[in-house]
Amino acid sequence: MVTIKDSVHDHIDVKGVAEALLETPPVQRLRRIRQLGTVQLVYPAANHTRFEHSLGVLHLADRALEHLSVAGPQAERVRAAALLHDIGHSPYSHNTEAVVQRHTGRAHDDVGPLITEGAVARVLTAHDLDPDSVAGLVRGEGELGQLVSGELDVDRMDYLVRDAHHTGVPYGTIDQARLVRELALVDGELALDEGNVQTAESLLLARALMNPTVYNHHAARVGKAMLRRGAERLLETGVAPERLRRMDDWDFHVALREADSTAAIAHRLDRRDLFKRAVWAELADVPEDVLGADYHELRNIEGEIADHAGVDPDAVILDVPGEPRMTESTTKVVVNGEARRLDRQSALVDALRTAQREQWRMGVYCPEEHTGTVGPAAETVLGLELDALVTDVRRRLHTRLDDF
Amino acid sequence: MVTIKDSVHDHIDVKGVAEALLETPPVQRLRRIRQLGTVQLVYPAANHTRFEHSLGVLHLADRALEHLSVAGPQAERVRAAALLHDIGHSPYSHNTEAVVQRHTGRAHDDVGPLITEGAVARVLTAHDLDPDSVAGLVRGEGELGQLVSGELDVDRMDYLVRDAHHTGVPYGTIDQARLVRELALVDGELALDEGNVQTAESLLLARALMNPTVYNHHAARVGKAMLRRGAERLLETGVAPERLRRMDDWDFHVALREADSTAAIAHRLDRRDLFKRAVWAELADVPEDVLGADYHELRNIEGEIADHAGVDPDAVILDVPGEPRMTESTTKVVVNGEARRLDRQSALVDALRTAQREQWRMGVYCPEEHTGTVGPAAETVLGLELDALVTDVRRRLHTRLDDF
Amino acid sequence: MVTIKDSVHDHIDVKGVAEALLETPPVQRLRRIRQLGTVQLVYPAANHTRFEHSLGVLHLADRALEHLSVAGPQAERVRAAALLHDIGHSPYSHNTEAVVQRHTGRAHDDVGPLITEGAVARVLTAHDLDPDSVAGLVRGEGELGQLVSGELDVDRMDYLVRDAHHTGVPYGTIDQARLVRELALVDGELALDEGNVQTAESLLLARALMNPTVYNHHAARVGKAMLRRGAERLLETGVAPERLRRMDDWDFHVALREADSTAAIAHRLDRRDLFKRAVWAELADVPEDVLGADYHELRNIEGEIADHAGVDPDAVILDVPGEPRMTESTTKVVVNGEARRLDRQSALVDALRTAQREQWRMGVYCPEEHTGTVGPAAETVLGLELDALVTDVRRRLHTRLDDF
Amino acid sequence: MVTIKDSVHDHIDVKGVAEALLETPPVQRLRRIRQLGTVQLVYPAANHTRFEHSLGVLHLADRALEHLSVAGPQAERVRAAALLHDIGHSPYSHNTEAVVQRHTGRAHDDVGPLITEGAVARVLTAHDLDPDSVAGLVRGEGELGQLVSGELDVDRMDYLVRDAHHTGVPYGTIDQARLVRELALVDGELALDEGNVQTAESLLLARALMNPTVYNHHAARVGKAMLRRGAERLLETGVAPERLRRMDDWDFHVALREADSTAAIAHRLDRRDLFKRAVWAELADVPEDVLGADYHELRNIEGEIADHAGVDPDAVILDVPGEPRMTESTTKVVVNGEARRLDRQSALVDALRTAQREQWRMGVYCPEEHTGTVGPAAETVLGLELDALVTDVRRRLHTRLDDF
């Protein structure tokens, strides 16, 4: 057994299959994948990695299994899945995930070959665990898969607290120990035990507070959009998508610096000389066809905006997030003996869903010197009917604490 | 200047009028008034006092005044009010407040004579401050009075964090420093500056999480109801209401032990041998006339229940809380240049209001051995139409973590 | 099993004999005994009690037993002793211990009858545990008694961290989890396992930092001396020593207020109107006969000083602490396979012992207005040869942060 | 003014020249220089960077200047120096410093051209500050230079706390706020004010606890030795020393991966497949000529050891640290009105110096499979007279918590 000191959980014990997996390259690589990608541009202390997070997930899984009285090979399988759940992340975590998925067809939790082949598979097999079933747990399959990936997974319980700890924001604070103690399996569903509607709500609220403050902070989003652009350009230079996927943050960033078509983006990121928001529009103001546009249509719109504004096509980025989701809303809680969905029990869910839709923003970003031309051009091309004053006020709102 | 080490704010500087007030008996008495009264019966570490809280409020007021660019005598007045804002508390803080108010006509923030006479008045006058105006600030009067008592007061900002710190609960965590920095005075109203709707919501959410977990925990409520009963009995023995009001926790508790009519209550509290819930009813199940009953009517109902159950009248306590309020809902936030009420801007306010009403409970408490007879008797007398099963399930729900 | 939320250890599980003991009056009484007595006069947030500390000790004992692979009745006995280890404390913890011991012959860990008779004995017997052997563990007897009371006891591990947490001082921080994991029983001795000389030193250093800053802060010492005087006077009024011993802080303090001979002391403590230091002398400056004087001789010296200064005898308190001890210096650490005493392995022990002797101070305290006469009188009567300037400088040194 | 959220100091205000400097490339580069280099191999959460540390130093400098009543251009100069003090660091901070210094003649605080030329110089000049004088402050010159670099510098105050926070170790905890408040300038010397001998000692103790646990942890040292070797090899491939100096961690690490002569080292570091200790010798056991050997002599010894053991020269690393220093020992503290050196006032200094010498270790590292041959070979070549048993025991000691 090794014991690792963690800034969130203090001492984490790693033993059995987890100890052996710790030394495999796909797990060690996570030391070089930042948990929050470009959020570090806003919160300078947010440099924590997927490696320490994965250890935290292992730790909470271990606690949960103990409370659920799951032991033996079944528990070993879950511990393996907990430690491995993030090995499919591309560099800068979620920041490049969409690009990678479009080109490789693989999301970050589609870890198949990474688990079923190579060093990881060898370790699992040596511990009499079936690699395919571990990969299934990572995808959230089966009763215990929900513990690794689901509304009540220990992944969420770790990252909310860890991300709050490292950004310095007081908002992700949930009662981890209580959550883990109150887990129950009811008719094959992972649920919080009787008397925990408020415990479930607290998870939802932590999320609702972290989203606008940290995860969707506009400067982090601009950085992410620039990285995404960089990843696309890099693939155009001939880098294989699967190779990009297996880079770590360092490889990827240095590759951006070295390719002609991405050097300018890397240079900007290195100096935190970010694009600025030319447009920042609410959900209600964005036409349906823009919301429904696919990747290539969006790139065409970018081109049109640049053309209309008379700037280089590279100077415009259009950032249209997907529909807001709220996974936590379907959390199960036992009420009067039966497992019910939280959104059936709590008036908060709808309110938070509304809040989330209100916080949704589409952005058009460009170099600071072009906002005056790109803004109006984008409004025209996109068919936004924004009161000019409002646009201006919205921009002004964010120039204080938030704008670093 | 003295510098005091605090477990929440680290170093607190106390100077000027605040330093002189620190030594007055009404302020020193706060060292012996626990901040959370009977919450300590649930969270053993919640032994913090109104004294340290008052220093914390002084500290935040000081910070806020700096950001609002208020200085000179006006600032000194606010600092004085911040340090003095809780000197009107009766023993066990809010736990005996209703009793004291019924008999003396004074709520805890009705601090008139405590400020305008005696040692405090002498200190204020010596610092050229008008005691009446300081008393006004404590009542929340005037522009800067809102900083001491209002939706955005520094009182709230201190206690949410302090109460979370001392209970060990991760829920009261707000970004104090940001809240204080973002305060603005707009047309005579204290508001959060542009871009802070979510900051205001975070205050509301912290409150929503603390209410059921800490402030209204059922065991704390039972303890409080027992203390209230004790206070009433003590007044019947001839203790003057004004004397009761000026006792500290220690005086009061020892007095309960020593009077014949209250010794049994004190004995129970000393051993944490609390009454148990015979009924725990939701707002919708409680008839209007019970909700609207005054103090004497409620006492009569208690008598009827005891009679019906065939137990001693002292064995039944009826606990009907007032309508849930949500002061924070009227917080002002600047949006597009004007100060608006938060409940006009945020869908969360209504949801939290609903949640609060759903969490409201009326309780009938009695010694454990009588719950079987008092429960049905109370349902009959109160005209509750509870499905027996439901009553039973509800009781059962709370027998785990919560019930310590 | 009950689970209790703690501000230091988060969730503490209490089960078996500990759960049953929790409800006994001697354990519940600890809710009303402050851990640090008069330290609260210096650090206003230091209001934590022996109750929460005892729960913390139980928690760490539980962890240690698990790492030492001790289970069954032997473990239950240790858990019982851990929870009960402080029930012998008189009011204000160590502040009145000397007085009580002089009159009753019992130190705080001499818990015999409290454990072997009454409710506690009944619970232990019902759980098939021998009360005498539990009382023995509390006194530190036997192999596992060292875990409850010894150089490496979990008592120390809890209070260093808890006292730091509640005072806000950053100095008592030790790696509790590591200490507990590294315990080993070697030839019947509790020791830290191989490779932990520095871990043992860290315990010593935490203690060395807490002593002058918290435990021996001069203002806390003045308060303690006043309380001790009050306790002596109270006994003279006819209060039985055994009754005094079983009071809680509240009884005791209210009793001080009510007796004629102690009302003045209580009044001063209530207002934090403490005696001041008229003399504050180093160990080297104090004559041997003063250091070796017994209780009655010291009282006679006080009388002489008062006489010499022309003040009331009640106005002078002489405070001569015992020789500095350093229990932690004999901590055992395994080095090359054998358990060695820390002071044989670490150059720090001697240095800290020297530092401790240098920090030792004898004090003569009196009301502020008499320091000018009592100081010189004390120097004459005690035969101190202090350079007047030095005395003055020493006094002046402590008028800043420390003097609150 | 921008306000940045920090995980240690909460909100940090950056304004004036510091705000303008923030955007310069040399400061932004610090985002990609880890504070603790290879310590991350032992404490996975230690991913914090020189950037956030530099902001922390700026913050503490600001506080200190306020307490010292230094304002105007003099204060701006110090703030600039505080933010810039680490821009001279080579990749992996101290891990490559010796190599870089040998080849460029520049230590990390020799920041001359980085400050006197380019973007930084332009900003300073635009704020009417002389770049040369700012560079002087970074080197610790002049009265206020001691605040940036000296025994009582704010650099130390920030990193002790920050490194503890991010490793999760409870040992670096000092009372920052008190240290900063108690600073005084006495006859041109920066000192802690009267009454702070223990405050100064606490700084020393924090350091003494962090050294063995974090800064000199053996696995971090092995990683550092491997990086140093990598840097030397990279320079041999023709990379210019000045270019190496200005790389960030990412450039450097990717360069190691790409050069033939360093790919193996990078591969090992990427997988945390570290060399192991073949010898780990105490100061007393190491011959004088080895302690005094220069760089080339040490490399020759490495070759001899490899030759003797019959392994490839690349398989042996000899790691001989310099003599232990203890900068904090000369901290000045005001005692009886004069600034004295701490080592004249405190018995602890000598004890800690002794402890530090006892903790000193020379290491010989090699791949795990060669320890059996390299160990004895090294003992012969180096002339170590170690009892074989002791060597073995020493190795075994560290296989538990520490060895991750």
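Note that the chains are named A, B, C and D in the order they appear, and that numbering of residues resets to 1 at the start of each chain.
As a convention for this text, a residue touches a chain if its C-beta (ideal position, glycine included) is under 8 Å from a C-beta of that chain, and two chains touch if they have at least 3 such contacts.
Remember, it's a predicted structure, so these values are computed and weren't measured experimentally.
K.L.:
Which chains sit in contact with both members of the pair chain A and chain D?
P.N.:
B, C
K.L.:
Where centres are the averaged C-alpha coordinates, which chain has the largest centre distance to chain D?
P.N.:
It is B whose centre lies farthest from that of chain D.
K.L.:
Have a look at A-B versus A-C and report the one with more C-beta pairs in contact.
P.N.:
A-B
K.L.:
Could you put a whole-Å number on the gap between the CA centroids of chain A and chain B?
P.N.:
Chain centroid spacing, chain A to chain B, equals 40 Å.
K.L.:
Any idea how many Å lie between the Cα centroids of chain A and chain C?
P.N.:
That gives a centre separation of 50 Å.
K.L.:
By the touch rule stated above, which residues of chain D touch at least two different other chains?
P.N.:
3, 10, 169, 178, 181, 400-401
K.L.:
Can you name the residues of chain D that touch chain A in the complex?
P.N.:
Per the touch definition, chain D meets chain A at residues 2-8, 10, 23, 25, 28-29, 31-32, 34, 40, 43-45, 47-49, 51-52, 55, 165-169, 249-251, 253-254, 257, 270-273, 400-401, 403-404.
K.L.:
Would you mind writing out the residues of chain B in touch with chain D in their complex?
P.N.:
So the residues of chain B touching chain D come out as 3, 10-11, 177-178, 181.
K.L.:
Using the touch definition up top, name the residues of chain D that touch chain C in the complex.
P.N.:
Touching chain C from chain D are residues 169-171, 173-175, 178, 181-182, 193-195, 198, 201-202, 205, 208-209, 212-213, 336-337, 346-348, 350-352, 354-355, 358-359, 390, 393, 396-398, 400-402.
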